[in-house]
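The first chain written gets the first letter, and so on, giving A, B, C and D; residue counts start at 1 in each chain.
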Amino acid sequence: MVNTISTYYPVAIEMNPDILKIENLVKSFNGNTVINGISLSIAQGELSAIIGPNGAGKTTTMLSIMGLNRPKSGTITYRGKDITGHAPFKIARAGIGFVPEDRRVFPDLTVLGNLDVGRRTPKNKSKKWTLERIYKLFPRLQEFSHRNAGTLSGGEQQMLTIAGTLMGNPDFLLLDEPSEGLAPIIVKVLGEFIEVIKQEGMTVLLSEQNTKFALKHADRAYIVDNGSIKFEGSIDELEQNAEIKKRYLAV
Amino acid sequence: MDKLQQVNKNWIFGAATVALLFILPFVLARFGTTGEFWIWVTTEMIIMALFATSLNLILGFGGMVSFGHAAFFGVGAYTVALLMKKAGVSLILALIAAPCVAGLTAAIIGWFCVRLIGLYFAILTLAFGQLLYMIAFQWYTFTGGDDGIHGIPKPDFLGPTNYYLLCLVVFIACFLVMRMIVNSSFGLSIRLTRENLDRAKFIGINVRRYQLINFIMAGFFAGIAGGLFAELNRFAQTEFLHWSRSGDAIFACLVGGMYSFVGPAIGSSVLIFLHIVLQQIHQSLVEIWAIILGFILLGMVLFAPEGLVGLYGKITRKLKT
Amino acid sequence: MKGKHVKIFITVLAVMFMASMAQAGDTIRIGWTADMPGVGATFYASQKKAIEMFIEQTNAAGGVLGKKLELVIRDSKLKPDVGATMARELILSEKCEFLIGPTSSGVALAVTKLGETNYAPYIPTLMAKKPEVIYTNLWGGGLSSFIKQAKPYGLFKKASITSLYDLDMLRATGMDMPEGLLGYSRCPFYAVNTLSMQVFVEQYHKKYNEWPSDWACMAYDGLIALTTAIKKADSAKSEDVVKVLGGLRFLSLRGPRYLRAQDHMADVGLYVGYTAKDPKYKGFLILKDVVVVPAQMVWLPVAEVKKLQP
Amino acid sequence: MGIEFYLFLLINGLSQGMVLFIVASGLSLVFGVLRVINFAHGSLYMIGAFLAFSLSTLLPAGSIFSFLLLMLLVPLAVALLGLGLEIPLFRRIYGKEHLLQLLLTYALLLILDDACRLIWGGDIRNVARPDLLAGSIKFFDMFLPTYNVFILVVGPLIAVGLWFLLYRTRAGNLIRAAVSHPEMVGALGVNVSRVMTATFMLGCWLAGLGGVLMSALANIDLGIGMEKIIECFAVVVIGGLGSIGGALLGSLILGVGVAFIQLPLSRAAIVFPYFAMALILIIRPWGLFGKPER
């Protein structure tokens, strides 16, 4: 399905390590706290995974970053600028692309229409996501370019959501449980896609329940359970920590 | 202040208001003809308070916006008008028949409307209301068309004060019955359908049937208000059924406070009071009072959606803390 | 529509017996329940101008029986029950001795405008019948839009339509109004050649820079009748004034008139004529070579009136 | 009577339907995107008609260019008025419960209708048709009013223009995307509240245009606002809330329906819109083209 793009020029890795910093984020929904004091920092060009069971607060963290819900306290800074509680469209324009867990495609628009909504030219022209690149990455979307998104299958809709976000040429991608409910063959395609953008130097925050899939691609991992971080560290450190693995990952 | 104390306090407050309301006409009567005019006005306030409270069964407690409630008010009015004028029925009998006919109409219309939710419910009730309005307007031979029915006989002992007392007694009876309904288990389930429709369905409430019963009861009490109103002015007019009258009642609930039981009664009385006083203040206001009322309503929607009772609650709570 | 005969409209002094209050003060308060919103606005605006002019002039000339006239207006919002409440307020609370208001079914008819404004579909059927004369009790805005919609079809080249051509309708139809149509009007200021009408029209035009509509003239006449009755009764108390109403003679804009004893109907006739352009009145047509049909030939005999009363 | 008569009724019904479509499509669009049913939409239509009248008195009468100028300026003025309403009022109630939104627009209806009375007073007014459109065209052996035919041309043009805007431009994509997931549109970097304001102004523009076209078709009086909003509800309900195609079909059904019923049973003609509305709502609550309320 996805043919890897071998010929690709190396990416300059900027020096400042933390592109995104969250300091003790707290969020509660009518009374019960969903996140109490999550802090994390994401380095440029790295893929960090947030792993944890359903309801651990992963999606809520993602939504808070994207400004789609207003945290009770705590700050979120992106490239040194505080973006806590800013309007989603400002955060998106700052360079953060968001792929929601429930595949929010626009059903009455065609595939092309969906891709057109988030389209934005990037600051530096070099890393531009064009329609051709998207089609090369997801050829199926080219086939259905004139069909209404509502008629696509789950997997195709997931591809379309990701493609739609890429059209905004973000340099930081939030992927919220992308493998949720996808057939294994599609999960494989998703994995290849993640490798491609990692090679390109895209910084990614991946939230997943599917631990195996997440750890396969992650450079760093955060394990989250009922609203707080239980482990933070590189994949190697996680590998050695049998106790965490036994307790949370049942591997 | 625990629950029991709060309940007692309400009852005392309620009893005191009722006592005051009973004395009011006699006090007013001492102010000559101006007082007599205000007896007429307070009678109208009582009738309209009953109408607004009946609407609130559907609106505040049922969470459903009906733009057709005036139709039941009008049906009640025409029932009294026709029975008394053409069939020579006594006032009491007519006032019993009015709510029954209105309730029956509400059953027919309600059966269709409760199957819809939100906007669609609002527009369907508006459509049915206007349908009845048009029929009343066209059916000249039966309803007198746009002339309406005039000269409804009125027993001569029913002077302004006595008619006020009759309306007050009927209002209090209806008020207590409606209050009982709202606080009953039936009332709680209705409120649940407003809070969270799905949860109501999960725990086995037959939502449609409850909403229909609620709709019929609201229509029933609106019919009484319509009947009393027809006898007040001794005529019934197609205009009673118009949707703008439903709009006025909805505003009365909002201004008073939809989520309190006594809110609509206060709201409708305040609106009637404003309607008269605004024009009395100064001659120039006579032409622009309607726009002033419009701005007041706009202000309420934007800044005090919980209404006067809600505001009162908020202020007293602030004072206490 | 309902085959109702056209009721003769007069601003009758609807005197309410409930107000037997002695009017001590030095003013005579006249209450007016007017329908301001919607279609009622047309009549409200023109009547108000004439009434205010009358009161201004009368008070300037020393008032009636030495008492100044004072107008108290209330908006009855096109709703009869609101009208009833306001009437009660004017009498009981505002202590108005006299009440004027829309007492003609004509106003009520126009006020509850639920007829269709789109008359176009009737036109071909009318054309097919090759009518000579079309009689309708459409009037006011309804009639004006009918004529406008019918004109392009050349309906009026062959057929003439007779109906009420009051000034508001003539003004609304403007130059679309075909010429040579037979019609009637209740109080066409331009066709009444009494001196008092000329003076009134001139003052009205000077004061408001527009021509007085039928309603304005009739409102003015109503007040003339009222003040004449007060002077004749030599008292501003409503029950005294009522006694003199029967057969009251008063000099209206339309010449000397009287009130029929049984029901106080005024003997105002109708003015019938043909539409024609007139250089003096730009923007609308008027009725030419007008014939006055006296009230006696038009109004409802007393017996029938008794039957109709509720 | 013959075939021409029925053809005549059809054309007349269609032209009434077209004006109704232009106004109702505005209401449907605003509901589709903003999830707000705007009771005051009828008042904006009436203001459009009155503005057309006031402006027409300043322009040379009878010339087609002054009428076209009316068609250009008045809708823009009403759209600007829409902007003045959307920011301080509507923006505060998005997402709030239906009842508050209904009441806000209802209060606005009371205020705007009354403002019209105070500004334009009670006289019945209308705009004289430009000479070019004043007469009638010979059709077989019958006369059709040119103005009605003009509306039958303008109506479809507006429909096509609206379709093109919605389905063939980026703005259209954004508007239709905001219909299903406004927050997602925001997360994709689009200033959603600006999209909503633009949509609201487009809705008002359509109401204003409907007002201008109507001002030369029949009389303008203070009752047309209230009348039109009810007709728009009927159209939007029959066609399906939020669907422009539905609004077109709904308004033509109503226009032709009333025209044909008017003759045999004129009394029923007034009842027909409500009857159709009730019938459709019972059988297919979300109308012919609408989607079940999410």
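The criterion applied here is as follows: a contact is a pair of C-beta atoms (placed from the backbone, for glycine too) under 8 Å apart; a residue touches a chain by one contact, two chains touch by 3 or more.
Computed from a predicted model, the values in this text were never measured in an experiment.
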Next item on the list: Compare the CA centroid of chain A with every other chain's and tell me the farthest one.
Entry: C
Notebook entry, point to check: Using the mean of all protein Cα atoms as the middle point, what chain has its own Cα mean nearest that point?
Noted result: D
Next item on the list: Compute the distance, rounded to whole Å, between the mean C-alpha positions of chain B and chain D.
Entry: 33
Item checked: Separation of mean Cα positions, chain D and chain C [Å, integer] -> 36
Checklist line | chain A and chain D: spacing of chain centres that average the CA atoms, whole Å | finding: 44
Next item on the list: Measure off the straight-line distance from the CA centroid of chain A to the CA centroid of chain C, and report it in whole Å.
Entry: 77
Item checked: Where chain D touches two or more other chains at once, by residue number -> 114, 226, 270
Notebook entry, point to check: Do you know which chain B residues sit against two or more other chains?
Noted result: 134, 137, 287, 290
Item checked: chain A: positions in contact with at least two other chains -> none
Notebook entry, point to check: Where do chains touch, given as pairs?
Noted result: A-D, B-C, B-D, C-D
Notebook entry, point to check: Which chain C residues qualify as touching chain B in the complex?
Noted result: 2, 19, 21, 36-37, 72-75, 77-81, 84-85, 88-89, 91-93, 95, 105, 108-109, 112, 114, 310
Notebook entry, point to check: Inside the complex, what are the residues of chain C that reach chain D?
Noted result: 36-45, 113-114, 116-118, 120-122, 124-125, 128, 140-141, 144-145, 148-149, 152-154, 168-169, 171-172, 174-176
Next item on the list: Sort out for me which residues of chain A touch chain D in the complex.
Entry: 66, 68, 87-89, 92-93, 98, 100, 104, 106-109, 113-114, 116-118, 120, 164-165, 168
Checklist line | Touch list for chain D against partner chain C, complex | finding: 1, 4-5, 8-9, 12, 16, 113-114, 117, 121-126, 128, 134-136, 142-143, 145-148, 218-219, 221-223, 226, 258-259, 262-263, 266, 269-270
Notebook entry, point to check: What residues on chain D touch chain B, complex-wise?
Noted result: 31, 37, 89, 92-93, 98-100, 102-104, 106-108, 110-111, 114-115, 118, 226, 230, 233-234, 237, 241, 267, 270-271, 274-275, 277-278, 281-282, 285-286, 293
